[in-house]
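The same chain A turns up in both complexes below, where it pairs with chain B and then with chain C.
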Partner chain A sequence: MAKLPDNAILRRRRRELAAGGAVLLALAVLPLPIADVYTQNLIIMALLFAGLAQAWNILGGYCGQISLGHALYFGIGGYVSTLLFLRAGLPPSLGMFAGGLAAGAAALLVGWPCFRLSGHYYAIATLVVAQIAYLLALNWDFIGGATGLYVPFHAESWGDLAFRTTKRPFHYIALAFAAAAWFAGYLIEGSRWGYAWRAMRDDPVAARSLAVRLLPSKMAAASISGGLAGIGGAIFAQYVGYIDPDSVMSLQLSILIALPAVIGGVGTLWGPLLGAAVQVPISEVSRSWLGGAGRGSDLMIYGALIVTVALLRPAGLASLLRPARRPPPAAEARNANAA
Partner chain B sequence: MTPVLLLQVMALGLLTGLVYALVAAGLSLIFGLMDVVNFAHGQFLMLAMYAAFAVHAASGVGVALELPLVVLLLFVLGVATYRGLIARALGVATNRGMVQIFVTFGLGIFLTGAAQFVFGGDFRSIGDGMLANRSLILHGLHLPLAQVAAAVVCLLAFAALALISRTEFGRALAATREDREAVALIGIDRNRIFALGWGLGCAAVGVAGVMLVQFYYVSPNVGADFALIAYVTVALGGFGSLLGALVAGILIGEVEALTALLLEPSLKQVGMFAIYLAVLMLRPRGLFGRL
Partner chain C sequence: MLRLEGVSAAYRGLPALRGISLEVPAGAIVAVVGANGAGKSTLLKAIAGLLPVSGRIALDETRLDRMAAWRVARHGVALVPEGRRLFPRLPVEDNLRLGAYARRGQPDRFAPLSLVFDLFPRLQERLAQRAETLSGGEQQMLAIGRALMTQPRLLMLDEPSQGLMPRLVDDILAAVVRIRAGGVTVLLVEQRLAEALSIADHAHVLQTGRVVMSGPAAAIAADSAVRRAYLGL
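Up next, the complex of A and B:
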């Protein structure tokens, strides 16, 4: 990375924070004029997936560990929060943090064997581990098996995170989640950890020679990432009111969690939000316009979009926002020599 | 549990395992050649199954016609995938590893949608083929003819792959695998080798798909299950090893059959996944993998 004077970095950080505040404010007033339930749902899902993708981005983007099994943490969060509510009466406003803790712990448990692998091997291992958990969940009657669980409803309240007559509270819950995930990404970008993780991602050997400890770094990223995804799962369970292994632990969901970050820009602060703002409406609208289940044209559009963005914009849509950075002086000198 | 039942289950496990092995071999060949995992592998298998189904519905001739047509189609598809997508994905400036993963993933999603668009979401199978509903009875074991045929054809395909690796082309494959820069110096076109490698890997999946649809249903989502089994098989056998794919495929077939017998059918995949995890902990490069 080119060496910038310290105050330039600080100025950029302050600009990012101001932009974040402005976007948060805009998203907070956005739902006020919107009465249409379909659009409300679209925005809520986009915010939820922006947060989830940012959670994925912390491990996949900054730390470079491409997980194809984040539905596992999402599912654990949803199940733990719902089961605590159902069996122990713990209100989901607290239960979602229990879900997040459980999911973070699970991420550590999965990471310990899987982080010995790298690249594709790691990606496949996460995919298989999540699939094992999915199969076990399907066959485990205590957590509802394949039939799933209904979230009990007592009364509309913030304590229970339960609202049946209006979607608006969920807008703010999803917004708070997305904002928290964004802020986690912001803190990580500027912290010692963030620099260590990115160094490790770009060159593990060099990072190690600079005393970056690889396994603990990956474990830290995994627990933060998994924990956030778990909280997202708990929010989803409250929003939908029903969970089963297919809706919260499937392979498709793992991909949906990773995709906004990929489309928007892996390892960037704004990529996941940008990607979710593009991906969620496209998938929802194409599904409802093109006739839904059985037709398949929505999947074709979706798949083609992923391929196109990955090939044409490997750095994601966020790279459109910022003009191409000047190559570092060394590269310029090399180019000059070559010319 | 009688010994005959155990033998019966193990025989079926062996027959299934040989199909798994060939699916895994296609994946492993491509990976070994160029370090790219094809996350659309299961969808290629699904496509081969649908293609065989369509040829069967149109002609009714049977496997003898389905096999060459579908294998050719998959070969062309593999070459086209390499030329159109993978070669580009290898050439991007940033995030190369991630681009490879998501380009093939996106292709898989596209193919699933295309299958749903053309064939609908129904489960289909070749119920009236000449192999259907007949069994071979051997020392008291009932072996469905379609599965026996599938196992035999898959073994033959393995033999063909082994023979190909001894030809001039096979040696060029091996050389490219060893050092993709150096082969250019002795006049081997790397791109051509990679494209043919993709063609060959997909053709192997084509063979497996044609034989599979003779006794197994096909739906747009059937690929995901088989792809998962293929990843586990390849990881167990060692990425890039043909022999590893064969041994691991049979092992996975047996483990699956025995898990279904000893636990319950809905948990039949848990046993193979447990073995995968054990390999992950004890021998990350797999049984026959190179480092």
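Up next, the complex of A and C:
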């Protein structure tokens, strides 16, 4: 009697986990027959952005704190990992975690003042902080300034996360990253934190009167979210072999990190992956077909995409996976009576 | 059990409570009545720690003023807010679970469920439904159920009758009487004078942020001057 029937939730959780495993397996096999470098790159970038968008989703989706400055954490992860490699010889396979820690710490520093702002003001504050950091990075010679940094190459190795002759290892690195981010989201959905964050997002006043502490909850979400984004930045630096403020800290990147979650479904487990699968190909195709002449055209396409999703599927593409829930007929009848 | 001395608070910059003093004895149902804008909701928010206040609010020997809302909740004060403030996108079950958030990690945290389902069997049938798909009465039941999950000593209800048809109001108030019988002290804010006073032991009449009358609920209900002067009835 005095027990919540956990079975329905447990069954749904198990289904999600099984689906996650199946998708992981499919994505692990997927690159084997693909020899075309262009397509390989496309898939790697899609996986990277799926992971980044899930990282964003942990703060923006579950916790409801819309950040427009995640490029800051991405950039910190990339710079810290690259600088540790350059200056201290720390292999990037370890350096990327140092980058993640630094980015998570930065997210706490940004969160401390910014979380006192609510709604749009928080979003604007994150955007401004990231832009300031971008301008500082452009002018800071120690980290290469506007010219950026080349990642040194010694030999192909997993320790250095360095591969020149084939992109395939990066497919698995990006896949591991996306899978880790997905799994983090999965764990959060089922945890007390996840409940508290969603409660806070839906109604902060009610959450507070149920003993949810707003600031510590937001800080926890921010550090996980920023830390994951930082690891993504380190992987990106290794993959591209070169970073500068424009490629890892720009406002446009902040938007590209948030966008897959918006397209796919904010606060959902599968939304970021679905959104990245749509967004990254559009971004790459428009860039390569339209070239310099079409600069900015991808932004117009994103705009059209957001409007379409907002009109037809406001809950995002992930809502296509689940049939619309309707209350049972009895409840409808009662609602009609009560009204 | 709960004692307020000279409590003042402002709501959006305007003074809403001007030196409120009142007492809620343990085991009682105390009603706070008054017209719109008298400060009734502000009073409950002030006790819950959702507003900065001056003056003294004490729960037995514990000072609640200056305490953060989450701490007040952990001291056994639960608020059923005006307009219910459920988590609309979460199912009934998760709304109840969140009620037990303050007692996380404790093995008996879901113990109040039997009471909640006993009071509102409807909720047990609707566990998997999103809160936003419930009828108004069911939502109010869920809001009260969620508050009971915190295992409160003091339950504060803000306009539980709002938007409900009369039969449901009676159901809800009957549940409040049963909750008190289980040992929970109740502080009830209502605009519906007759219904609130019919179940309360004591009542305080609020007007523009001041307590203008206090006494046994029956006496206040019988006083026609009160009804005309302060409640516009």
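Here, the second predicted complex is superposed on the first by the 312 of 339 C-alpha atoms of A that agree within 3 Å, B and C clash if a C-alpha of one lies under 4 Å from a C-alpha of the other, contacts with A are read in each partner's own complex, and residues count from 1 in each chain.
The definition used in the following text is that contacts are C-beta pairs under 8 Å (C-beta built on N, C-alpha and C of every residue); 3 or more make two chains touch, one makes a residue touch a chain.
Just so we're clear, the structure is a prediction, and the values are computed from it rather than from any experiment.
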item: Which superposed partner A:Leu138 touches (first chain B, second chain C, both, neither); value: first
item: Partner chain(s) touched by A:Ala196 [first = chain B, second = chain C, both, neither]; value: second
item: Most chain A residues touched (candidates chain B, chain C); value: B
item: Chain B versus chain C as contact partner of A:Val205, first or second or both or neither; value: second
item: Partner chain in contact with A:Ala123 - chain B first, chain C second, else both or neither; value: first
item: Chain B versus chain C as contact partner of A:Ala304, first or second or both or neither; value: first
item: Intersection of chain A interface sets (partners chain B, chain C); value: none
item: Chain A to chain B touching residues, read off their complex; value: 60, 66, 68, 113-114, 116-117, 119-121, 123-125, 127-129, 131-132, 135-136, 138-139, 251, 255, 259, 262, 266, 293-307, 310-311, 314-315
item: Chain A - residues contacting chain C, complex; value: 1-5, 8-9, 192, 195-196, 198-199, 202-203, 205-213, 325, 327-328, 331, 334-335, 337-339
item: Residues of chain B that touch chain A when the two form their complex; value: 31, 35, 37, 85, 88-89, 92-99, 101-103, 105-118, 120-121, 220, 224, 228, 231-232, 235, 239, 266-267, 269-270, 273-274, 276-277, 280-281, 284
item: Residue numbers on chain C that touch chain A, as the complex places them; value: 48-50, 68-74, 78-79, 81, 85-90, 93-94, 96-99, 101-102, 104, 110-111, 113-114, 117, 126-130, 133-138, 146, 150, 164-165, 168
